[in-house]
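Across the two complexes that follow, chain A remains constant while its partner is chain B and subsequently chain C.
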Partner chain A sequence: MIVLAVQALDISAAIVLVTAWISLIHRRIEALVDTYAIQSGALGITAGLVAYQYQAPDIYVLAGLTIVVNAIVLPWLLRRVVRNLGVSRMVNMYASVRASALAGLAILLVSVWVVGGITPFAEVPSAGLLPISVAVLLIGFFLLITRRKAITQVVGLLVMNNGIFLAGIALTYGLGLFVELGLAANLLVLAIVARIFLERMKESFDHVDADALRALEG
Partner chain B sequence: MTASVPAQLVAFVGEYLLVLGLSPLLLAVLGRVKARTQGRVGPPLLQPYRDLWKLIGKDAVYSKSASWVTRYAPAISFAALLATVPLIPWFVLPSPLGTFGDLIVLVGLLALSRFITALAATDAGSTFGGMGSTREMWMGALAEPVFLLVIFAFGSPAGSTQAGAIAARGVSLGIAYASPPLLLAIVAYVLLLLVETGRLPIDNSATHLELTMVHEAMVLEYSGRDLALLEWGRGFKLAIMIGLLIALAAPWGISTSWTLALVSLAVGIVVIKLLGAHVLVSRLEAGVAKWRLFRVADLTTLAVVFAFGSLALTYVVGGGA
Partner chain C sequence: MNLRELLLLVSLAGLSAATVLGFASRRPVEVRASFLLGALSCAITTVQSVLVLLGGTLPASSLGLPGTVPASPVLALGIQEDPLSAFFLLVVSVSGSAILLASVGYAERYVPQRRGFLAGGCGLFVLTMVLVCTAGTIFLFLVAWEAMTLVSYFLVIHDHEDAESREAGLVYLVMSHAATGAILVSFLLLATATGSTTWEGIAAGAGGLPPGVRDAVFLAALVGFGTKAAMVPFHSWLPDAHPAAPSNVSALMSGVMIKLGIFGLLRVVLGLLGGGPSWWAYTILALGGVSALAGVLYAIVQHNLKRLLAFHSIENIGIILLGVGAGLLFQNLGYPALAALALAAALLHTWNHALFKSLLFLGAGAAVGETGTRDLERMGGLIRRMPGVALGFFVGAMAISALPPFNGFVSEWLLFQSFFAAFSTGSVTAEMTLSILAAVLALTSGLAAYCFVKAFGIAFLARPRSQQAELAGSPPSSLVGGMGILAAFCLALGVAPVLALDLATRPLRELTGAAVGSGVSLSVLSNLPNGSGGSLPLAPGAVALLLGAGLLVAWAVWRIRGAPATVVGPMWDCGLDAPTPRMEYTATGYAQPVVRIFEEFYRPIERSDSAPALRPPWIVLARVRRYTVEIAEPIRAWVFPPVASGIFGLARRMSRLQSGRIHAYLAYIFVTLVGLLLLVRAVGGPAP
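What follows is the complex of A and B.
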């Protein structure tokens, strides 16, 4: 039974990686948000499997929280922002779709190469998740730096957070309930702040392109 | 366990009957599910058989400027597709004649079929034919290397490029066969399948719009029996690609013994799996619009990413074969 749980854990972690890659090719913001929601759902299931494997009730709480906050509430908030802003719903990017996809592959190879060599974690059964979680973290970072609109940068930050969460549950079976609760609360605040910020930005400049903020008004 | 020669022969013929006979029905199921998703009724399930019967009864008409290439191309293309059937384990392992070639041969045979169709399209000198074959060969040049990479992704845990060996490993491992590298390889294969068989974001078989058609532009010059072969071949190729996916990704249910009861059960299972996979493909198709031609490269790039990622996970994380 434990072997099956480890296998299911590996596969749900792979789904998190797959969705991170898919988020690199989206050209519409809504599709990006939907992919993020699926990724968070897979992450919640991963956390639930870790909880089952180690019989840890506090990770069950985290898994439920991930599904509710990251997979339902945050995407709902982001979709509302996209709809209410009334700006173009296309993702503007510095790197082309093809370059982004190949960068995603390079990120996986680098994290497998770098993280795979860390031996102290080798005896943890779920240590195989570490390269995947570092890759997800770096893909989120890549989204953050190559997408121009503020809202897509928020999504990049959220993907990064998913990567950190995956690394946390893979190695330490949860960073500790209170730390995670604090993180989740921070994320929610971040999303609300981002929403207010975006709406103010739209009011003042009539766009949400972070790149254009460098130019002086008037 | 090896079987007697007559039993192998029966299974061999059975594979052909299954794939050739079922492929028009599978195409009809695909069209029907798509129509239902879009709120239409859709053609009856026997329509492709009626279309084929009607076309087979008609004489082929050739352009005056067409050479022998036009006359023989449909038969060569169809024969190349026919030759791929024994390479895939459909319902019994080891499959009869399954060891006469590996999946690299299968890619080569599909390339031959593609090449001869494209060549024939340029033969009569019509503008649309040239346009269609340019696009087809461009997509082929993108798809074939990716196809090989995907095969290596599926094959490296088994240490073989033979579909039979890969499927046998899957059957013997049971549920433990499912792993992250397999998941990535499956996603890569599905992306590739859309390009290779010309399904929706890539090519729309339901229209003859000059600006977008690929396969339809190539077969525009054909009529009667030849058109029947080409159209049948199109559905047949989809069934082959999906059958290969089933054999590589979910081989559970393929019989490893030659008793009649187990083999017929396996035939039933493979029919259900084929139907299910076609329904999934049509749901996928109903959800997307046709893409700009040059975005095909985006799709194949993503397939490379998944296939290569699968290989990386197999060798580094999973420990390899």
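What follows is the complex of A and C.
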């Protein structure tokens, strides 16, 4: 049973990684959001499997919370924002899809190489998750940098957060329930604030392109 | 709390009160009171510093700033006064007292506006200098140092309506900040390497530092404090800043503040590091020699009286640095007594320069204030209009030219003695270097005398060269009084140097480890290894005897021959009808021989215009000729523009980083993060 769980853990973690990479190549915002939802779902399952492996009840709570908040509520909110804004649903980017995809691979290589060198972590049983989490984190960061629209940047931030969460359960079997609860609450607030902000931005400037904020430059 | 602590606190409080009073003043009487209170506080500080010099260190523990409890070593905000501090406190306070006294009249007569600001600023300026001297931790030192720089900046731009003042102030501010950066580097290196922020703690730990760190600390301190002291090639703020400031501020800056650069250098190099390898000494000697010679050479060709004095400050800093370098060299060679001699000469010259340069700047202030021009060519004949100022300026000129019986002679003589004593060390390099530098020093002193013949002669003698000079009145009595105090000190230290030398050798017992007994004075010389010192000691008794005998003979001659009759007659006019001031010797003309001799150095740009004075057909008969010489300063012309444009170019390129685009900032973070991760991996990661 445990062996099966370990294999399932590998698969679900792989899904988290692959979805992160796929989010780099989407051209439509809805597809990006869907990918994020799948990733969060896979992340919740991963957390559940870790909880099963270590028999840690509080991680079950986290897993459930991740599935509910990150995989269902946040994507729903984001889709509503996209629909209500009525702007072009294309992902405008600074780096082309091909460049982004290659950058994603480079990030993965860097993460594996870097984390492999950090010896103290090798003793943790689920340390295999660590390179993946760093890669997800950096891919989220990359999204944040190369996507022009504010809403896609919000998705990038959420992907980063998934990476951090994965690192948390990989190393400490959960960052501690209360920290994680706080994080989840933060995310919700972030999403709501982002939504309001984006709508105001749309009203005021008639676009949601973060690049246009340069007009504020002195 | 003993008397010494009480006096220090009283004087600090007095200076603070003078500052507040000055800034808050509404009426002239309050401005006057502020200056007087500052002068009085300085006088108290003088007494206090002498007491400390005679009585020993005031430890940091006994005198925390009132109301502060040192919470951690970093925040331990303590005042400490060891003999080195006390000596520089003496330097600051004597000149400070006289200058603040003179400022009463100076401000009232010559400063048309913002007198209250000037008074408060001067009080604060002196206060920060006192704090720089007495800071016991690097923290307090840096705060006081930076405050000193800022206050002096605002005083330099006191006439901020004048674009020249603003520009001079900006150059000063920028260079001072760069210098403070260098000082910060040296202090932080020391603090991190020794784990302490107090002088004592650092000094205790600095001995065991690796040579590389010590060298870095030395170089950073040399650049930082050298800039404040206006050592060539970090001097270029000074010739602009001094003329731009009001004259009493120039006196404070040139007479007092730049000495604190020397203080800092001594503090770090000798007090904290305890000396170093010989190349430190040779570096300081080389920079000192260049400063001395370049300073005086540039001074000769200046026709702006205050600028001329400013360049002499560079020269004198060079002379002081020669003493410091020689001291370090002797210490390195293992001759602590000789080191003490050279350093005593340096310290004494520091004090002397503080006295006579303040005196000269106050005199220049009176001359400039009364004539309304800084141009020597437009002065002249001032000795009739302000005899007191002329006498004071003459004393200062004699002293700075190292002529007896004034104080400049004593310190330069001591310096020469220490240089010649190098022949008893047996180190050929030291012998060669110091004998060459002795020649440089001799040339410098000679040129300084030449320059002051010009400065005094053109400004004060002959007939007025312009209407402004003709209309000059008599300066206020407090200004003359302040000059009188300084002149009296110049004379006193010249005829009784042993007293001053005793004070100057006190700090050296700790710094050099020399067996300098109390009241040593010049007896170190008789301890020279080869006994050559036998003829050297300057016996004050003999000097007094000789002076007395000379006066007696003069008096006898005067008695026997009777007072010489004064004969008034017409001036020899070369057969021309009425000699005009245009026929007088000019400053330009007087400087010409030196410009010719050192043509390679000056690279003068000469211009000779001639224009017909009369219309044709008499054009053949007379032409108005005008000859001007322009001297470009090579360091200013060739070194600073590239440096400045480099810095500006870099700043422009840096500002391109600030795109204002959120993606760009995120990208910086991303690149940094990935770079750091790769670095961690490459280095090997944190230790398990």
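Convention: the second predicted complex is superposed on the first by the 215 of 218 C-alpha atoms of A that agree within 3 Å, B and C clash if a C-alpha of one lies under 4 Å from a C-alpha of the other, contacts with A are read in each partner's own complex, and residues count from 1 in each chain.
Everything below uses one rule, namely that a residue touches a chain if its C-beta (ideal position, glycine included) is under 8 Å from a C-beta of that chain, and two chains touch if they have at least 3 such contacts.
For clarity, every value in this text was computed on a predicted model and none was experimentally measured.
Visitor: Here chain A is shared; do chain B and chain C fit on it together or clash?
Guide: Aligned on chain A, chain B and chain C fit with no clash.
Visitor: On the A-aligned overlay, A:Arg28 touches which partner chain: chain B = first, chain C = second, or both, or neither?
Guide: The answer is neither, since A:Arg28 touches no partner chain.
Visitor: Of the partners chain B and chain C, which touch A:Tyr94 in the superposed model: first, second, both, neither?
Guide: The answer is second: A:Tyr94 touches chain C but not chain B.
Visitor: Return first, second, both or neither, reflecting whether A:Arg80 touches chain B, chain C, both chains, or no partner chain.
Guide: neither
Visitor: Considering only touches as defined above, state whether A:Val18 meets chain B (first), chain C (second), both or neither.
Guide: first
Visitor: Quick one: is A:Gly128 in contact with chain B, with chain C, with both, or with neither? Answer first, second, both or neither.
Guide: Only chain B is touched by A:Gly128; chain C is not.
Visitor: Measure off the angle at the C-alpha centre of chain A toward the C-alpha centres of chain B and chain C in the combined model, and quote it in steps of 10°.
Guide: Once the two structures are overlaid, it is 130 degrees.
Visitor: Give one of first, second, both or neither to describe whether A:Thr146 is in contact with chain B, with chain C, with both, or with none.
Guide: Touch status of A:Thr146: second partner only.
Visitor: Would you give the minimum C-alpha distance from chain B to chain C, in Å, for the three-chain superposition?
Guide: Nearest C-alpha pair, chain B versus chain C: 14 Å apart.
Visitor: Just to be sure I follow: which residues of chain A are touched by chain B in one complex and then by chain C in the other one?
Guide: Residues 113, which sit in both footprints.
Visitor: Residue numbers of chain C touching chain A in their complex, please.
Guide: 659-663, 666-667, 669-670, 673-674, 677-678, 680-681, 684-686, 688
Visitor: How about chain B: which of its residues touch chain A in the complex?
Guide: 175-176, 178-180, 183-184, 187, 295, 297-298, 301-302, 304-306, 308-309, 312-313, 316-318
Visitor: Which residues of chain A touch chain C once you look at their complex with the stated criterion?
Guide: Touching chain C: residues 94, 107, 110, 113-114, 117-120, 134, 138, 141-142, 144-146, 148, 210-211, 213-214, 216-218 of chain A.
Visitor: Which positions of chain A touch chain B when the two form their complex?
Guide: Going by the criterion above, the answer is residues 3-4, 7, 10-11, 13-15, 17-18, 21-22, 25, 97-98, 101-102, 104-105, 108-109, 112-113, 116, 128, 131-132.
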